[in-house]
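Here is the structure we will look at, set down as structure tokens.
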Amino acid sequence: MKRFTRRTSICALSFTVASAITLPAVPAVAQDDTISIGYAVARTGPNATGAGITTIPNYELWVDTVNKSGGLTMPDGSRRMIEVVEYDNRSSNEDLVRTIERLASQDEVDLILPPWGTGANLAIAPLMARFGYPQLAVTAVTDKAPEFAARWDRSFWMLGGGHDYAAGLVDVLSTARDAGTINDKVAVVSVADGFGIDLISGARPAFEEAGFELVYDESYPLGTSDFAAIMSEAQGSGADSFVAFSYPPGSFGMTKTAQSMGYNPKAFYISVGGAFPIYPGIADGKAEGVMAIGGVNADSPAIQEYFARHTEFVGNPPDSWASAITYASLEMLAQAIERVGLDHEALATEISTGTFDTVIGEVKLEDNQLRDLWWVGQWQGGAFRAINPADAEGASTPIIPKPEW
Amino acid sequence: MTKLIIPLLALVALAFAPNFVSAYGLGLLIGAATYVTLASAWALFSGHTHYVSLATVAFYGTGAYCMAVLNEALPYWAVLLCAGGIGATMAALVGLSTLRLQGVYFVIFSFGLAELVRQLITWYEVNVTGTLGRYIFLDISARDIYWQMLALGAATIALTAWIHRSRLGMALRVIGDDEAVAAHSGINLARVKLIAFVLSAVILTLAGAITSPRYVYVEPAIVFNPTVSFLTVIMALLGGANRLWGPALGAVPLFLVFEWLSTNFPDSYPIFMGLLFIGVVFLLPDGILAGIEKLRARRKVQS
Amino acid sequence: MILTTLILGLVLGSTYALLALGLTLQYGIARIMNLAYGELTLVGAFVLVAVFQQLGLSPLIAMILIAPAGYALGWFLYQGMMRPLVKRSGARGRLEVDSILATFGLLFLIQGILLMLFGANFTSISYLDRGVNVLGVSVALNRLIAFGICVVAGGALVLALAKTRWGLIMRAVALTPGSAPLVGIDVNKVARQGFALGTALAVVAGASIAMYQTFSATDGVVFTMKALVIVIMGGVGNVKGALVAGIALGLLETFVATAIDPGLTLAATFAIFLVVLLWRPQGLFGAR
Amino acid sequence: MLEVENLTVAYGKHIALDNASISVQAGQMVAILGANGAGKSSLLGAIGGRARPQSGVIRYNGQSLLDMPAHKLAEHGIALVPEGRGIFPGLSVEENLRLGAIPKRAREGATETLAEVFNLFPKLAERRGQIAGTMSGGEQQMVAIGRALMSNPEILLLDEPSLGLAPIVVKEVFSALTRIRAKGLTIVIVEQNARATLALADYVYLVEVGRITGSGPAEEIKSNPSVERAFLGGAVAPVNA
Amino acid sequence: MSFLAIEHAVKQFGGLRAVDDVSFSLKRGEIVGLLGPNGSGKTTLINLISGALPASAGTITLNGQQLTGLRRDKIARCGVARTFQLVRILPSLTLIENVKIPAVFGHKAHWGAAAERVAKDALAMVGLSERATMSAGDLTYIDQKRLELARALAAEPELLLLDEWLAGLNPTELEEGIKLISELRDSGLTILMVEHIIDAVRALCPRVVVMNSGKLIADEQTDKALTDPAVVTAYLGEDVDA
């Protein structure tokens, strides 16, 4: 009896394994008249929120736009419709890696769009390199971007590094301090994960060099939901500037807490989430003067047109940081395909060296990185406008001190 | 002897499998092998003792972190050795203090443990080393990872088989049936439970260390993903946690079902997963193998 | 500074206490270890937001509607899902593990439904979001309201349990279910009531959290963990214990955040929790 | 009033009570005597809804009790004081007693009943606020009996009220039973304390190894050597006499 | 010199003294009945000897070695084996596996063939050899009791504690059971048995100790004890003048 069971279980086991292996042997035949594009973005799990705001709507908007216009244009002038293969990576790198393998080796899609998040983009980089796909790593903020671009030459890093954003912020605050509008004390909090650490470790020396004193400098864990204690400490620190290297829940929570406790620093900066379209609602309509990471040239007609289109298609405007860049990366992809076709190597070379016309203006990558970025933005008159680099075209003038809540 | 030959042939076949499958097929094999290992290692301790541990990811994640921290400083095999040692030490400390907790208290404790480890590592990295994400740039192919995981899984099942025949396994089964009888028969409850817990933890830690190079980038929030703990439990229970092949039999189909669900119904995946979970509890409380046996016994009675 | 910590901790702790009340009833009276508890609170939170945004109903009025709806939800959940498990387990003590696994399934089920209905976005509303001066410390009005709900709900529950016949029956079942049939108590009915009431409290807690905090469909586990920690610290089924432990936890977190390091608040929570589990598994205030 | 016919109770494979029949008239005090493990508690447990009989009939005022859930019995005027007392150790004495008055039939007049119980057990009145679990065994037994009385029962089932009590406390309990009986309540008592019980009961059943081996009016049984045998044996000749 | 010595053993549960200053001793090879009405503390005393409960005070020694304060498994390895009032078999194991456990983990710690032999011998002793590979959960009540005794015997104990091992048997089974224990007695095993079936006690034990309300009230020859007024009162209660 017992032995019999054991044998059956082995049979069952080998059967399931066999079916697992043969399962992928049925290939999804890519038809010639379409281009298959695959992506595995988080629809569930902790990354779903970010992906749901920044990545997925733009992918869907772009595919819809392209297909409505008759498809992607090939070098020979023919048009091919986009066919999407979409998976959920469940916010787990383990699932993500396997899904990319699936897209590349079973579905054999023509192109793979990247997932949301720094960690996710890094996790797939070696695979993308191995399969030869170009990787438009948009939503990845890392100081090691140059290193990665060198390591995987078909990867493109398009959102800068933590130091860039920190330096941009310090620049904004220095100008205000030099003008005498704020004192040289700063209260800064940072979320304890790779992103927050990157920013704070870039910001500390930058603030010091600019002659600022960090009178409050603490990190808080992911998942913190109550910020009353932190904000009250920051309020009592005597700093005119409040800086948070934070994720959306923290950015929102700190805003609300600051408002309700009547904490009115002259400069109020938050990170991810500050450029989200829902932010003014969260700030109860008092977002004016709040600074955050990113920004767009709100006066540019292209951006305005993109915002309108996005609003119409998705139901709400895009976020004013990585959304436009995500969309721009897709436009770059489309233009590169029009110039060189679908050959991965040619495509990668073209993306790396070409110049493209996108919603964020004319784009040319430097060493596989997008450097022409907005580091700091600010809510002004209901729009999130870029304010730094101050010398870039389209930069708005910062409003410091921020009006009281 | 035939008992040994079939699994060995299967193992050899599985070892050659990468030659015949796509990269995705290999990814599936790695995933399946990982969960077979995790579920079997989990069952090694929990299967007979009925201690539902949700600390799987505490060890799995620690293993991954060891690899991330040490991969540049030490040769690969030494990192694995270290990971095993750290897992064992951690399990011994935890086991000594907690294996007297029973029922739901142990469940909650083990879940809290995973969270605590994650928070402490985060705090340490942020405040002491000043980096949180770590990179693993090792020249290890997916195939190597698969072979290592396959070997670890096979070793786990072999170890389980050996334990089932040993005094330790006998003691574990008695403890699961009736702790009082076990003690009055001369079994040292604390020691037996601790040994099994440590063995299980070492395997879990090694599994984490072996898979981590696949993700390149390691961060506490990524490697201490509680879903891993939950999946491990449900897989082992589905197959039958107190049988040698039960965890493997639960892990493989469930892994494939989840894969299929998440590729075909990405939006409603959690709903299916929830229903599946409830279904297992209601319909197969003792696992597939026990269900099959019951069915067969019933048929025997009828005929 | 100490006063600030005290007041902020008290307000935070009241939320935690409210969150834990329902779970302690569910585990103490119905003996169901409900891992989907946090998801139930999220249901309350999402419903409040939906009602507020779609129907323009004031959250406080919505709360009055949400509570009985939560009771009904809990009633059906118990009758449909938990009761068969209770029946099956008999005296064999399987219920604990079975209920953990089944409610784990429920966790995913509810999360999936919430994701389908409301998406993965962060949700929040602005309601009475202005500061009020309490002894020189500025506290958000909506938080004070949540504090008030906690005081009212917790106080009413403590009073009802201590002073009414219903409360006596509840306590009797919580302490010694085996003896309850002797005095004509239908344990199944009381367990169902306990579970339903616990669910009602869960959704009320969720709704009051929604008044001031940003949340998303995947946040349930955080709520469950916090509630579990408090329930264990307070002693399972001990309502007063849950209230005290909830407030103690709020004070502790605020204290750690201000005096030590905000990075250690969650670690401190879990560390305390583990210590309590090992040192006094019956809870700090448990008599058993 | 209460008829038990051909009742068999088994726990798994162990038959605890085999084909037992008893009959109780209103106002009677019926004692069931026997050694430990003879099956008397199983008999009472089956009547009180705590054990599921394998076969047999239990009728109470003509109504079958077999399918009645345990918690409904109190509503029908049946009060059980089980072996081990079944009180709520975590609640106070008064709360325990008030819980006894949960059945609808008991709610009206609960205050008077409480006064009566306190009258019967003055100790309980003194200690009404004490947590029941911290009291001595005898006091806990009084709480259990008092609580049963609070349900305004027609019939009181007592399972070994003298269990584990010091002789002096046993006396106290039995003197209370005497007074309860004087009020005309029907009582079924299972005991191993034969002498005290025989002094009180109207009718007696003897149980040995799962079977009823004798019955009769208490006066008759008292003088019958079978009682002693039921407790102290004698059938098998001693080997080391 | 006494083999098992219980000196001033006390077990306190809250306000209740379940075992109250009990002292007596057993000689090697002796069989003694432990009597007393329900709730008198007999099982608690067995639990103190076997280590299931720690004693609140007093000492218990076996062959000069102190048992009080030792863990249950250590006491088992000192050569103490017991059965349980409510039979406790291991339902998911076969008969032979059930019995093997104390042979493997007990004080002789056999393994392999030796353990097998001890287990088989123990099963043979109680007459269950033919069903050795059956699942223990499928046994009848009397056979479960037998199995439990076999398990205690497979420990090759120096001291055997039987807690109402004969309870619940029908008359035929009872006779078999008595025969079995008398065989054990004749083999020189020291036995302390809690028993309610007085006939069996008379048949097996020349000497009994009697407890009531936690106290030792008699320690004498069986027939003497059973006519001792204190013992009779303990069982039948005092006359109450109604």
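Letters A, B, C, D and E name the chains as they come in the text, with residue numbers starting at 1 for each one.
Methods note: a contact is a pair of C-beta atoms (placed from the backbone, for glycine too) under 8 Å apart; a residue touches a chain by one contact, two chains touch by 3 or more.
Predicted model, so just to flag it, every value in this text is computed and none were measured.
Peer 1: Give the fewest steps needed to get from subunit A to subunit B, where each step moves from one chain to a chain it touches.
Peer 2: 1
Peer 1: Need the graph distance between subunit B and subunit C over the touch network, please.
Peer 2: Each step joins two touching chains, and the minimum needed here is 1.
Peer 1: Using each chain's Cα centroid, which is most distant from the centroid of subunit B?
Peer 2: Result for max centroid distance from subunit B is chain D.
Peer 1: Rounded to a whole Å, what is the gap between the Cα centroids of subunit A and subunit C?
Peer 2: The separation of the two C-alpha centroids amounts to 35 Å.
Peer 1: Mind checking the centre-to-centre distance between subunit C and subunit E? Centres are C-alpha means, answer in whole Å.
Peer 2: 49
Peer 1: Using mean CA coordinates as chain centres, what's the gap between subunit D and subunit E in Å?
Peer 2: Once rounded, the distance between the two centres reads 30 Å.
Peer 1: For subunit A versus subunit D, what separation do you get between their C-alpha means, in angstrom?
Peer 2: Here subunit A and subunit D have centroids separated by 75 Å.
Peer 1: Check each residue of subunit B and list the ones that touch at least two other chains.
Peer 2: In subunit B, 119, 122-123, 126-127, 267, 269-270 touch at least two other chains.
Peer 1: Send over the residues of subunit C in touch with two or more other chains.
Peer 2: 111-112, 115, 261, 263, 266-267
Peer 1: Please set out, as single numbers or ranges, the residues of subunit A touching at least two other chains.
Peer 2: 43-46, 192, 219, 221
Peer 1: So, with touch as defined above, which chain pairs make the list?
Peer 2: A-B, A-C, B-C, B-E, C-D, D-E
Peer 1: Under the definition above, what is the set of subunit C residues touching subunit B in their complex?
Peer 2: Against subunit B, the touching part of subunit C is residues 33, 81, 84-85, 88, 93-94, 96-98, 100-102, 104-113, 115-116, 221, 225, 228-229, 232, 261, 263-264, 266-267, 270-271, 273-274, 277-278, 281.
Peer 1: Give the list of subunit C residues in touch with subunit A in this complex.
Peer 2: 1, 4-5, 8-9, 11-12, 111-112, 115, 119-122, 124, 126, 129-131, 137-143, 212-216, 218, 222, 253-254, 257-258, 261-263, 265-267
Peer 1: Mind pulling up the subunit A residues that touch subunit B in the complex?
Peer 2: 1, 3, 5-10, 12-14, 16-17, 19-21, 23-24, 43-46, 86-88, 90-95, 97-99, 101-106, 118-119, 122-123, 125-126, 131, 144, 151, 192-194, 196-197, 201, 219, 221-222
Peer 1: Using the touch definition from the top, list the residues of subunit E that touch subunit D in their complex.
Peer 2: It comes out as residues 14-16, 37-40, 139-141, 144, 164, 167-168, 170-171, 178, 196-206, 213, 221-223, 226, 232-233, 235-242.
Peer 1: What residues on subunit D touch subunit C, complex-wise?
Peer 2: Those in contact with subunit C are residues 49, 69-75, 80, 82, 86-91, 95, 98-100, 102-103, 147, 151.
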